[in-house]
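Got a structure here, written out as structure tokens. Questions coming.
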Amino acid sequence: MTSPAPDNVLGDWHETVLRVRYSETDKMGIVYYANYLIWFEIGRTEYCRARGLSYRDMETNDDTFLVVAESYCRYKAPAYYDDEILIRTRITELRKRSLRFGYEILRVRDSQIISEGETGHVVTDGDGRVRSFPEGYAQRLLAPPIHKPQGEPVPTQISPE
Amino acid sequence: MTSPAPDNVLGDWHETVLRVRYSETDKMGIVYYANYLIWFEIGRTEYCRARGLSYRDMETNDDTFLVVAESYCRYKAPAYYDDEILIRTRITELRKRSLRFGYEILRVRDSQIISEGETGHVVTDGDGRVRSFPEGYAQRLLAPPIHKPQGEPVPTQISPE
Amino acid sequence: MTSPAPDNVLGDWHETVLRVRYSETDKMGIVYYANYLIWFEIGRTEYCRARGLSYRDMETNDDTFLVVAESYCRYKAPAYYDDEILIRTRITELRKRSLRFGYEILRVRDSQIISEGETGHVVTDGDGRVRSFPEGYAQRLLAPPIHKPQGEPVPTQISPE
Amino acid sequence: MTSPAPDNVLGDWHETVLRVRYSETDKMGIVYYANYLIWFEIGRTEYCRARGLSYRDMETNDDTFLVVAESYCRYKAPAYYDDEILIRTRITELRKRSLRFGYEILRVRDSQIISEGETGHVVTDGDGRVRSFPEGYAQRLLAPPIHKPQGEPVPTQISPE
């Protein structure tokens, strides 16, 4: 699952799958370009969860917000309604008061990379003041994922009997 | 999974789980009210898929569109970022050229029903002309779900090794 | 501007114009159905502003939130990218701790009503507890619009010289 | 309105004003980061319209699509619900089969630049094949805006009498 890490890559790739929603398409028949940034956010959330860090608790309990300072996305091929999409997420830079995530978006059916991106974040408190990561965050963010996650994986479909 | 069907209920409930996205919240800290209609659409799509009907193929191969004619939603309790949400979907009326879906939205952690809704649809072709359902659709829409779905269920998280 | 008021109509129609965004369309080439609820919200905001009530200040200064309890929309004809859209908004019911808005959505070019809807709201404080409207709100909400609004109207296009 | 053009700037800045929607905010109380890309799209549309080019007609009549190949956004300060926002748009590069737009997003009340960005586009036909701009497009895209636009400016509020 994890590819050999290039020099600038700190964390392992985390992989999350979702399905394209009708609402995410536009009149061109493909996914509207702003929605990739929403998928990046899902990638970040799941990257953290896999390391035992709930981004919700980060905000609520630890007064730690990852405010977006920069976003970049390259669009290489379109995504269509109902496509299964794989979001690959990793940390590409980690400092005391900032971090960067890198992303690859693939179509599951043909493993084609349809988009690549990056976001830069500043660590702030709830009032928007820059702060350092709480104790222990850096280690957990860079640690390999926890093999048995506490939270259940979320299927998008439950087969009724 | 399926509850005893009330008289006006034709199909079984179908259940789909998703997780609230950061982008779906608003400044009140809860899910913005228009997003429930997006969740209803996901419920419809998965209801059909569980019966072997891909809504994408319905449009592309069978020139059959379920244009929304009406939507109704009652909001009973808020949903929060990162909540796991259960969408329950069933058909409440099925005619030659129209159908209605009913929905219940629950929070997974406490099984509370946070919203209920309904949508009414007219069957059209790609040019917006009203048409009848293609042969065999009605039976499939009202049939119980297929136990071994052809498509894989979509997890939202894959644990890397 | 105001049509003869039916019995259940309390306030005058307020009219707001906007233009359909590319992001609001879907693969069917028309405006996605959830977006009408966003337009309703714009209608409410501008209805209040025209009566000297900023909904932002209502929340921030008066701890008064209009939580949505119900939404209904009937879709009669599609809206397309770049269409100019007229949102007509009025209050259809006003009580101590709740109110209802009614809406009509028209295409400007042919004055066709493409959608009609209604939303029901409960008045709460910032913690979600039901409360009464602050002193004076009811009168202002039902008053005719102020003829010279304090805030400038917002053009969507400024011609540079 | 137009600032002295740096060397890499081809067209004049075009300015469009909009107001932040409730739906555009997130639980942090500020505009969600993906929505800036929607504002960029509005900037592009209005930049073209001011030069007599309807992007809708471009697609429908001239089979010319500006597919997004890249997006970049730097977020410098937050935007809040109901803020008036100024979108400044210009062309930063124009080639036979591609172009780039640059953007600045300002808060109207204090003229602060809250975001800057850029998008790169490839010219395609409706089937996604790369093509050249139709005859005359380049000249019109780089021309100064037409002083009396054929289309009416779109106010977001009409004061009823």
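A few comments on the model shown:
The letters A, B, C and D name the chains in turn, as written, and every chain counts its residues from 1.
Keep in mind that, in the parts below, a contact is a pair of C-beta atoms (placed from the backbone, for glycine too) under 8 Å apart; a residue touches a chain by one contact, two chains touch by 3 or more.
What you see is a predicted model; the values in this text were computed from it and never measured.
Listed by label, the chains that touch subunit C and also subunit D are A, B. Overlaying subunit B onto subunit C using CA atoms gives a rotation of 180 degrees, to the nearest 5.
Pairs A-C and A-D differ in how many C-beta pairs touch across them, and the larger number is found at A-D.
Each chain gets a centre from the mean of its Cα atoms; for subunit A and subunit D, those two points are 28 Å apart. Subunit A and subunit B have Cα centroids lying 26 Å from one another. Remark: subunit A and subunit C have CA centroids separated by 35 Å (rounded to whole angstrom). Under the contact definition stated at the top, the residues of subunit A that touch 2 or more other chains are 22-23, 34, 38, 41, 81. Note for the complex: subunit C touches subunit B at residues 28, 33-35, 37-38, 41, 65, 67-75, 78, 128. Of all residues in subunit D, only 22-23, 25-27, 29-30, 32, 34, 81 touch subunit B in the complex they form.
Residues of subunit A that touch subunit B in their complex: 1-2, 12-19, 21-23, 38, 41-42, 45-46, 49-50, 54-56, 80-82, 84, 145, 147, 149, 153-161.
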